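Both complexes shown next keep chain A, but they swap its partner, so chain B is in the first and chain C is in the second.
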Partner chain A sequence: MSDAKMITLSDIPAKGGSPLTLAMGVFLAALATAPWWLPAVGLYQYLGIEVAIWLIFALGFNLLFGYIGLHSFGHGAYLGVGAYAFGLFQQEVAVSLWGGLVAAIAASLVAGALVASFISHRRGIYYALMTIAFGQIFWFCAIKLHSITGGEDGLLGIPRPDLNLGPISVSLADNTSLYWFVAVVLGLVALGLWRLANAPLGRVCQAIRQNEMRASFVGYNVWWIKWIAFTASAGIAGLAGGLFAMAQESAYPDVMALHQSGLIVMMVLVGGGLVSFWGPILGVILYFVARDVIGGITETWLLWFGLMFVIMVMVRPEGLAGVIHVIRTRIGMAPAARATHTKEA
Partner chain B sequence: MALFEAKNLRKRFGARVVLENISLSVEEGSVHGIMGPNGAGKTTCFHVLTGHHAPDGGTITFDGQDITGKKPYQIARMGISRSFQIMNLFDDTVVIENVILALPEFRDSGLNPVKDVFGNKALVDKALSVLDQVGLSHRAWEKAEALPYGERRALEIAVALAPEPRIVFLDEPTSGLGTEATQALAKLIQELRSRYTIVLIEHDMRFLFQLADRISVIHWGQVVTENTPAKLQENKWVARSALGEVA
Partner chain C sequence: MIQLIPHIINGLTLGLLFALIALGFTLIVGVMEVINLAHGAMFALGAYFAMTTIGGGWFAGTEFGTWWLSLPIGVRYAVGVVVGPLLAACAGMVLELCLRPTYGKAPLYGLLLTFGAGLVIEELIRHYWGTGEQSLTVPQSINGAFFMAGLIFSKYKFFAAAFAIVAIFGVWAFLEKTPYGAIIKAGAHDSEMVRALGYDLAKLRLLIFGFGAALAALAGIAMAPIWGLRPHLGIDVIIPAFLIIVIGGVGSFWGAVIAAVLVGLAVGITGAYAPAWSMLSMYLLLIAIVGFRSRGLMGRKSALEN
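Coming up: the complex of A and B.
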């Protein structure tokens, strides 16, 4: 397969229009049934929460990484900002789910907007380096601002607030309830981002990835669109961070460390975020399966996962989604091209 | 009054002076050619006129408005469009999307996060009509990078025409084309001249002399002369430098 031509996001096109595709159906069905099949296959409920939170993070990250082609290697910072904001809101303001999540999103949006203002005139290696530098600044602040963040220990004992929907109040203290809540948030994020990817803003993001100069000369304010993509992606990371703090009942600097930022890049690349909307989902699932299944067999699971990453980059850099696309093309089951679909319509 | 005017443009990169007191005046509905030897500053001149480089001095006006120092996207939105000497397309996507992205209707909804793109029949039909102008509508649903060289050149022009510009800058559109493709392009530009004001950089003198109403000759970053093609062929300097040899 290594001699096959590299494919891109435009080679596995979304069909446009309705998000009710087979892939979306399978994804939502898997989410809706996880509390039953997770124990049946020997896994545990908390894993479902963890995977769902990382899926939110990965889908938002891929808006930046795959769609607009901006390589951020410091995105763990915004996951961490969201986690701290959620925890601080619970501990210093009020125990409130919605308040905490709004605080998490708002804080990471502000952090993302600030960083995006400094880096949006760049791309390539300078952009990547600046995202690392800013990521490290946030991580350093999390460790040093002891009176606010709790230093290296972080914020401990963050409560899991109840879900209040008008007169209805649901406790999220147990993992199954929290999973349902996170799964609904993930479903909404996936539907929203899928729609965004196929709407004008998503198409313009892809155009900027392909040719920033041409995009500018047909009338797009490239700086502004890059700024929006980074800020939105940071906001979604913040939402994931808020949920992470709730799931872990704590927030700590490790969440913002460089290796967490590297992890999300690896998940998205292995899954095929550069070629498919669904790539990050495959990558996150593969990572957690490797961690829990291979990790159950050997302590060196990360070595094997890393080796798989190297082989994937060498053989099929488009990741799992690319492999699936090539197999489906060979057996004549590749999805109809977006264009053909539109012509027929 | 000229539709597009540049006065005393200056541009230098470090110690190197690239443009020195360039002045151009383009009348509405005309085809204005720019010629000159390699390294004369023609493409830099285009870059300055279309906002890619800010000039160090001088002014640029379009339809009476000062556009000096404006950014490319601002200039594009005013009705000034351009193609590039080195191909500049959205290669990963289909031909029609290259054009759709440049349509003003799409661009104005460009930040809409939910509106459907390919389900919009009016948008698709309009893009097809632009592709039809350059003879590419039959290739609409193919990937841009898969087109043969000549058709990629035609797509460059289609992307420049899609924003419904008032003036189009074409930077060496025949670059890399064979005789047949060059003739087809000349025919296309003849058809377009009734609808657009065109500024054309060209090395192929036969091509340029048959199309342009007026030609500016740039050398050493300066306009050394400007005239009609017929008068230029009588110009001793042009004849001596072989730039005017069209036979």
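Coming up: the complex of A and C.
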């Protein structure tokens, strides 16, 4: 369609695949120092864990949403599948951190691969609608398969297993040590996804977003790449889900509902996932800060967040990262985007 | 076998009401190529507006309010059925004004904006009417149950089905038999040409959105006594609505009606055997039908596929 009117990921020149960029440095530094500055600015340790988990989810989601341009509105389902798989592994098989996480990733990879096989030949709104339908099926099963998932209440009392690294064993029962673990996982995921996004596969993904037919004429197997992107992002959602189950010490169907799947889309878009690799990170942080800060003032904080989102889509759908990019261009810090001569209305 | 009859009737009623919701949805998709995820919120909003009108909540405590409550419930219900959709139509038009910056961009932005708007409306409902489940009063004459052939039937379900059939034929007659309908259909076919012929496209879009919201509100008012009123009604109802559109084919009037009745029947009949799983049947129906016919039963090519 007329995406060309707006700046996109491809319009902001990438600096190659080296992860040694300023943004990555700031991000990793913030991640590494969070346990010290979080309480200092009046927040709490658990928020750090929550944000880090959602960041993993959002970064993986943006591989699908921003890079390849496939709009999944049912991605919460894979987070939920991961959470349930982690919980069931702890309760039915063995109390093991690595086992649980592998189970979480494997379960959501299988679920994602299955769904991807059904929908990868579609695009546009039909793709979005099918992802909603599949997401709803998972959500519905989670509520109704009472004997396995515990129904509406979910799985309760999921333990936080110890971290075993060969001879060393660390307890993750307190929030600070769990934060460290989640932060390391997030750092690895961010580095890995950055490499992937700037690798040939990431470029092909962007080519598919710009024009699927052209990409297939050039010789890429579009169906296969769309399948891989969906499955991979479902797998990362599953990893986030496993960590989420551990943080919450429970798994419940709420995270799989359309509402939550819509929220991740909102976070990624508000942050600017369509424009920058870092967009989802801004969006997730904004969401959780809004929840805690506005939520502390008024009960109807979601109303204000929703309004902010609506206004953002109206005036600057490129999100926060787009705003930052425009400011940097104006003051001459960044090269102008190739598409600025057809600036959006 | 005879025990199935009430389930089939339930399913038909549900299907006809779904059709009413889906028609407004498909009208907006057809003319404007916007997936209106706030359509469910309009449905809920219409029902809440009607409830407050019937219960006199707008002017409680005033002299007019006392006089209003002394009127027979039938009159108040009839007024509610008119006022609810009108107010919802106003909300729909406001939404259309907000949507204007997204025209000409990828359909995703319309979908995202209406998702956000739906969230905002849901929160507003929660703020104004509270989070609890409420009910819409209906006149005594269409309430209650009756017996036939040894089976028990709810009177209201028959009323709702008749209400939906009348409304569906009303929409059909409007689209097929009036000059306004001709413009709307032409707009769905080629909006640029309609503009070139001198029709005000902006006004047409505004009216379509209002009309679609009013249809959703009508469906909401008819559905409210069956489902109850709760703030997240919008999210609950938007999913069947778009499933129906996808099954029926985007932009097709009879496709939407047939798909809605199919979905209603599927839910109703599975409800007889496995009540807990009845809502799952519509997703399975979707996957089965769309697996074979990628544009749904009666769909045609649309810009939304890009």
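We adopt the following convention: the second predicted complex is superposed on the first by the 328 of 345 C-alpha atoms of A that agree within 3 Å, B and C clash if a C-alpha of one lies under 4 Å from a C-alpha of the other, contacts with A are read in each partner's own complex, and residues count from 1 in each chain.
Please note the rule applied: a contact is a pair of C-beta atoms (placed from the backbone, for glycine too) under 8 Å apart; a residue touches a chain by one contact, two chains touch by 3 or more.
In this text, all values refer to a predicted model and were calculated from it rather than measured experimentally.
Participant: Taking the superposition on A as described, I'd like to know which of chain B and chain C A:303 touches: first, second, both or neither.
Facilitator: Only chain C is touched by A:303; chain B is not.
Participant: Touch check for A:130: first (chain B), second (chain C), both, or neither?
Facilitator: second
Participant: Between chain B (first) and chain C (second), which, if any, makes contact with A:225: first, second, both or neither?
Facilitator: A:225 sits against chain B, while chain C stays out of touch.
Participant: On the A-aligned overlay, A:33 touches which partner chain: chain B = first, chain C = second, or both, or neither?
Facilitator: It touches nothing on chain B or chain C.
Participant: Based on the superposed arrangement, let me know which partner A:200 touches: chain B (first), chain C (second), both, or neither?
Facilitator: After superposing on A, A:200 lies in contact with chain B but is clear of chain C.
Participant: Is A:214 touching the first partner chain B, the second partner chain C, both, or neither of them?
Facilitator: The answer is first: A:214 touches chain B but not chain C.
Participant: Do chain B and chain C touch any of the same residues on chain A, and if so, which?
Facilitator: Residues 345 of chain A touch both chain B and chain C.
Participant: Which residues of chain C touch chain A in their complex?
Facilitator: Interface residues on chain C, with respect to chain A: 35, 98, 101-102, 104-109, 111-113, 115-117, 119-120, 123-124, 126-127, 232, 235, 239, 242-243, 246, 276-277, 279-280, 283, 286-287, 290-291, 294, 303-306.
Participant: Give the list of chain A residues in touch with chain B in this complex.
Facilitator: 8-11, 16-17, 195-196, 198-204, 206-207, 209-211, 213-222, 225, 228, 337-343, 345
Participant: Applying the document's contact rule, which stretches of chain B touch chain A when the two form their complex?
Facilitator: 50, 52, 71-73, 76-77, 81-82, 84, 88-94, 96-97, 100-102, 104, 106-107, 109-119, 124, 140-141, 143, 159, 162-163
Participant: Spell out the part of chain A that touches chain C in their complex, as residue ranges.
Facilitator: On the chain A side, the touching residues are 1-3, 5-6, 71, 118, 122-126, 128-130, 132-134, 136-137, 140-141, 144, 257-259, 262, 265-266, 269, 300, 302-303, 306-307, 309-310, 313-315, 317, 344-345.
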